[in-house]
Every structure is written in structure tokens, then in C-alpha cells.
Amino acid sequence: MAKLYFNYSTMNAGKSTVLLQASHNYIERGMKTYLMIAQLDNRAGDGRIGSRIGIGANADTFGPGEDLYVKVQKRLGEGPCACVFVDEAQFLERQQVWQLARAVDDLDVPVMAYGLRVDFLGKLFPGSAALLALADEMREVRTICRCGKKATMVVRKDEYGQVLTSGEQIAIGGNDRYVSLCRKHWREEMGEPKPES
Amino acid sequence: MAKLYFNYSTMNAGKSTVLLQASHNYIERGMKTYLMIAQLDNRAGDGRIGSRIGIGANADTFGPGEDLYVKVQKRLGEGPCACVFVDEAQFLERQQVWQLARAVDDLDVPVMAYGLRVDFLGKLFPGSAALLALADEMREVRTICRCGKKATMVVRKDEYGQVLTSGEQIAIGGNDRYVSLCRKHWREEMGEPKPES
Amino acid sequence: MAKLYFNYSTMNAGKSTVLLQASHNYIERGMKTYLMIAQLDNRAGDGRIGSRIGIGANADTFGPGEDLYVKVQKRLGEGPCACVFVDEAQFLERQQVWQLARAVDDLDVPVMAYGLRVDFLGKLFPGSAALLALADEMREVRTICRCGKKATMVVRKDEYGQVLTSGEQIAIGGNDRYVSLCRKHWREEMGEPKPES
Amino acid sequence: MAKLYFNYSTMNAGKSTVLLQASHNYIERGMKTYLMIAQLDNRAGDGRIGSRIGIGANADTFGPGEDLYVKVQKRLGEGPCACVFVDEAQFLERQQVWQLARAVDDLDVPVMAYGLRVDFLGKLFPGSAALLALADEMREVRTICRCGKKATMVVRKDEYGQVLTSGEQIAIGGNDRYVSLCRKHWREEMGEPKPES
């Protein structure tokens, strides 16, 4: 009866804070959790989930091609684990989302994934597409545009502050290169009709 | 301040009933609505949204390549329209979802889209992928598996009642060829690990 | 693992349609459901849930003082029942909501209650207060004000169409005496500051 | 178009963390927020919203009989304010919830209230009853019972760790006197049928 949850949002909405609080709720009750975050460099295993608001926790990492069903199963074999948390879940591969879904169904452990819905071009990340397809429960972590409306989109800027309208989905560079916007202001920044193609 | 809504579910959950009731709420208040449904054959314009529970309403149709921003704009030019409803929204093209999003933002009319989340292979439909990426609000229309749990997946059967594990995303054949299931029972019916590839 | 659901809204949003569709989903899968509606007159047992959109189903009734745990238990003793549906749930007594909660927990049958959130004076109904306190899942059935915004309030009119600012919570008289409004327009109709006391 | 939000949960779910993160999102965008918390002692004005996870912020306080419409209006008169946050909202008076609703509607500022749904006897707090009646959007901040299921209830213990089955709704004593539970385990702890009366 465990479920696969997807908590999605745009950049800088506080997803990691919500993840860390939810994990903390388990720990306060004397339960254990298993935290994972995407491995975007070569330091396997020693990840950390940090929040801009000033809290953090160590986490395992996942990388391309790793079987996450096996990884969760291994973790469960080492001792009790009440819930699995996955940060930066937009970087999951489609197969890895299926592996997490099987872990939920067959190992009966809830999996709570947190990630971005769309990239700076308005397209789904692979992990997000698979989670939006398969998650049992989806919930938005909300943030706001500069106009006060809900932000659902994000622009990427270059080093001179210019909005980029093309480029790789994943780029090196800090969170300060990204600005979350409502769709209307995103379209203004991106110019039309490019993003629609 | 209008919004783009996506009401998603698996087959036979009652999406069209919910759509027709929502449209009825407007009409009862003396407002007009604009109904559209995917045109899956050659009868342009004369669609009908029908519900297995026994209610229905006439609807315009949309087909591949049609500009839905233009279509909504044209409808608004012909007289007041408080809300646009789109049935079988999984068949929208990505560009058409963007056109609806622009209608929401620039023509200030709410658009409520109803459609399937995944096909019988567990993959997003193109329209659903774009709606899950762009919708301002998403809500599940729930139905149940034979086991009583929520159904989120669907299998397609052939004329002999055999579950199909490959084939075109869209097939001719009635709703009785489709059975909605929870993920666990879907995986049992489909066999593993095929659906994960 | 069954749950107590509360689907709330203001008048004329289509709650009964949503209830009937959800029950229909079970029946289509070969499962049985148990329908109940408030008994507002002396005809015990022979209720009917009807929707303005033109669908309906027979239902058992519940009246003041009846033990609904016993009632559900009795129904389960007569044969399989996959889900209990309760219409006009705002008329439940606090104790009856607790009885339904116990049926959910101890008899393991889901209960889906549908009802109004507030009366025409903006106060919770007794059944709604208890359901808002105890429900495991709450979901709004939305409708619209004459201005197009979501309606969450309702006014009651007398036979001359005048808005009433006092009176009994339950009154004889048809649905046409009630108009659903957003809070701002409700306050305009009701005058200030009366409703706040 | 501003809205009144109610984020409800049982004890120790992380409501204040979610509040502080949401306020932080505004501040990061260069906007100002106005934070309020219930004044439960005699130190008017100098409140603080703190989270068990280790973050906090100063806040104004509200006490019995204060007009919160006037308070919000005064704050808006002193400079821009993009959002009002209210912690411990279960302690609001019914009239104060109406005052906040009027602030939302007439001053066009969103109000996000965070509070407990029910007390240790399973009854709504006055502020929660009014918020559940009037909020435009309601969202649960989830936590877990010792059994891993969602906790929606809370027990209060005395200094010897004994569960209390009667007493004042508000009591002096720390958060460690309260344990959040699912309804089934709450009923076990409380004994039956007392809580139903």
C-alpha cells in the first residue's frame, strides 16, 4: 500500500526544505529514512541535500544506469527504512523511475521524489516525464513570479544576465542563473514563438 | 488571471461526466461555454462529448495542425464565452497545448482539458506530456482497479481478450477493449520487464 | 487502509453527479456500492440521489439518531460492498460522522461523503464541521459565481427574490431559492457586518 | 484576486517550516511579507515563528479581540507587503478569520494561515472551524503516525506520560506532551466511546 509521490515545482521554490522536513518527521518518530540526490559530478555516494534556507542532510547519490530498485533493496537489507526520499528527481532516467515504482509496489516502501517539472525551454525533464506518468500522488511546491502570481516556468541567464533561448537542458552554473516566472512573463522574456516549437 | 487546467485519469473514470457537469454549471448561470473534442475521423466540426452514464453534448472538434489559439479567438469573437472545455486532450499536439496556454494568458479565458495520462504501454500521450508540463492546475479524476485500489494504468486487449504488449498508441476499437488497473496489476498483466524499456 | 473522504462544495456544483459517477465506476467493474442520503421527511428507507443534469439512483436514507456504523455493518453482512456513498452529508450528526469513521477503520470499507461546506449565513453545518475535522481526504467540487470566480458561499432568497440574512439553517424550498456566489459578492448581497457575528 | 489559504495539519508536521520557506520565497524575490503568530502570553508584538528543524523569523502577534483587518491595513499603509502569513491560526477567533477574509478581498493581499485542525479530543479549534468554512484553498501538511500511516489526530499526555481524555483545549506545556497519531491508534489510546460524544 506504499505510494510513489512526485512533488514538483520550478526552481527555488523550497523543494529541498520540504523534503528535509518530511524526512525529519520520520526521524523524530524514531524511524529511519533513505535520502538520495542526483550525482552530477564524479563523487559517487557522498551527496548532500541542502536548502537555501539553511538546513541540510547527507544523502546517497544516484547516477546514470544505476538500478535504483537494487539500491533500495540493498538499503532495506541493511536495516529498517520507513521512507525513501529522492532529490533532483528530474535527473532520473525513465527506467529508474520504473525501478522506484517497483520498489514501492514490491518492497512496500514509500518513495517521495522532488524535482523540477520543466527546463528553461518549457520542456519536461526525462525524470519528470516518467514521474508525471507514473506517480500515485502529485503535489506542487509553489513559488511566485516577480509579479506575485504563481511561477511555473524558469529562464536561464548567461553570465551577463541575458536570457538564453537555446542550450543544453543541464548546465553548469549556480541557481542564481535561473529565475522562476509565471508563464506570461516567461513568454515575454523568451520571445515568441520559439518556445512552442 | 484565467488558468489552464488538466484533469487527467486512466480510461473509463468518468472524465466526460465531470466535463459535462462543469460546463452545465456555467450554462445554469446564464454563461456560455465552448466544447471541443478530438476529431478521430473525417467528420470535422460535428463532434459530440458523451458519457457512459448517459449524458452528452454537442462539441466542436480539433484535428492535427489546427491552430487552437485562432479557434478560441474566433469563438470569442462570435459572442461571450466563459470557459473552454477540451475532451480527449491526450490527442492534442504539443503546439496546440501551447496555443491553448496562450489563449488562457492573452485572451483571459479559462481552458479545462480532460484526458488520459498514459497509454496502454505506460507512456505519456503527446497532449498529456505537454499539459503535464504547462497546466496551471492538475487534478486526478479517480477510478478503481478490480482490486479496489486506485487505477492509474490501462491495458488494451485484442478481440480474443488477450492483453497486448505492443502496438500503436491509438487504435480503433471500443472502450471495452481497455481495462483500467493499478500499477501492480498492470505489471502482472503486461509481464516484466518489457514495459520499462 | 480504507479512508473517509469528504467532497465539499457550495450549492448546485454537481456533487451528486460526481457521487453517481464514482459509484458507477464501481458497478461497471462488477462491484457493489451502498448509497445513503439524508432523510428530510418521513419516508425512511426509500431515498433517491438525483442530479440536475439528469441522472439518478435509489438510495437508503439516514435520519437523526441512527447508528451509521450499525447500518454499514448490516449492509456488509448482506453481501459484498466495495464503497459507501453518503449524499447531503452536511446533515450528518457529529456522532454519525464518528460512526462512519469507525466503519472505515474497523470494517475496512471506504466512505465517500458529499455535502455542503457552509450554510447561507456562512456557518459550517454540523455534519460538515465533523467531516472537515475527521476526513482523511478532502476535495472541493468547484462551481462558479456569476462573476466567473469560484463560488464558495451561498445566499438564500425568499419567495420574492429577496436575500435572507437570518433564518433556520435548513429550510423547506427548492434549490432555486439558493444562489452560489464568491465571498465578495456574497458579502455584497448579505450586507456588512452582520455575517461576521 | 488574492486568496485566503489554510494549511492545516496535526502537531509537529512542520507547518512553521513550510510557512518560513514560503515567506522566504517572497523575500528572495525582493518582496516583503508580514508574519503574525498567536500571542499566548503577555508579550504583545514581539513574537517569533520557530521551527523544530532549526529555522525561525520574528513575527508580530495577534491576541483576542484584535481587529486583524485593521492590523493588515495598517501594515500595508507602512509599505509594500506581498503576502500575510499567520502561524498558530487555530487560535484565531471566528471574527478574526472574517477580518482576514475581508483583507484578502478588499485589500487584495493573499493571506496564508497555518494551524492545527483538531485538538486532542478530536474537536475543531475555533480558528480552524472558521478557516475550514471560509478558506479559498485548503492544503494538508502531512506527517506520520508511529505506524507509518498519515497522522491526523493528536493525543495529549500528562507529566507521567499518561494520555489525557479530558481537559482544556489549550494547555501550558511543551510540544513533547503531544503525540500525533492516525485515527485508529488515537482511538486505541483514547479508549472508546468517549471521544464521540
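As written, the chain order gives the labels A, B, C and D, with residue 1 at the start of each chain.
Note that contacts are C-beta pairs under 8 Å (C-beta built on N, C-alpha and C of every residue); 3 or more make two chains touch, one makes a residue touch a chain.
The structure displayed is predicted, hence computed values, not measured ones.
When chain centres are set by their Cα atoms, the one at the greatest distance from chain B is D. Centroid to centroid, with C-alpha atoms defining each point, chain A and chain C lie 38 Å apart. Centroid to centroid, with C-alpha atoms defining each point, chain C and chain D lie 27 Å apart. Shared interface positions of chain C, defined as residues touching 2 or more other chains, are absent. Judged by the touch criterion defined above, the protein chains form a single closed ring in which each chain touches exactly two others. Pairwise chain contacts present here: A-B, A-D, B-C, C-D [touch as defined]. Within the complex, the chain C residues that touch chain D are 94-95, 98-99, 101-102, 105, 117-118, 122-124, 129, 132-134, 136, 138, 140, 150, 152, 183-184, 187, 195-197.
Taken together, the chain B residues at the contact with chain C in this complex read 12-14, 17-18, 20-22, 24-26, 28-31, 51-55, 82, 142-144, 146, 148.
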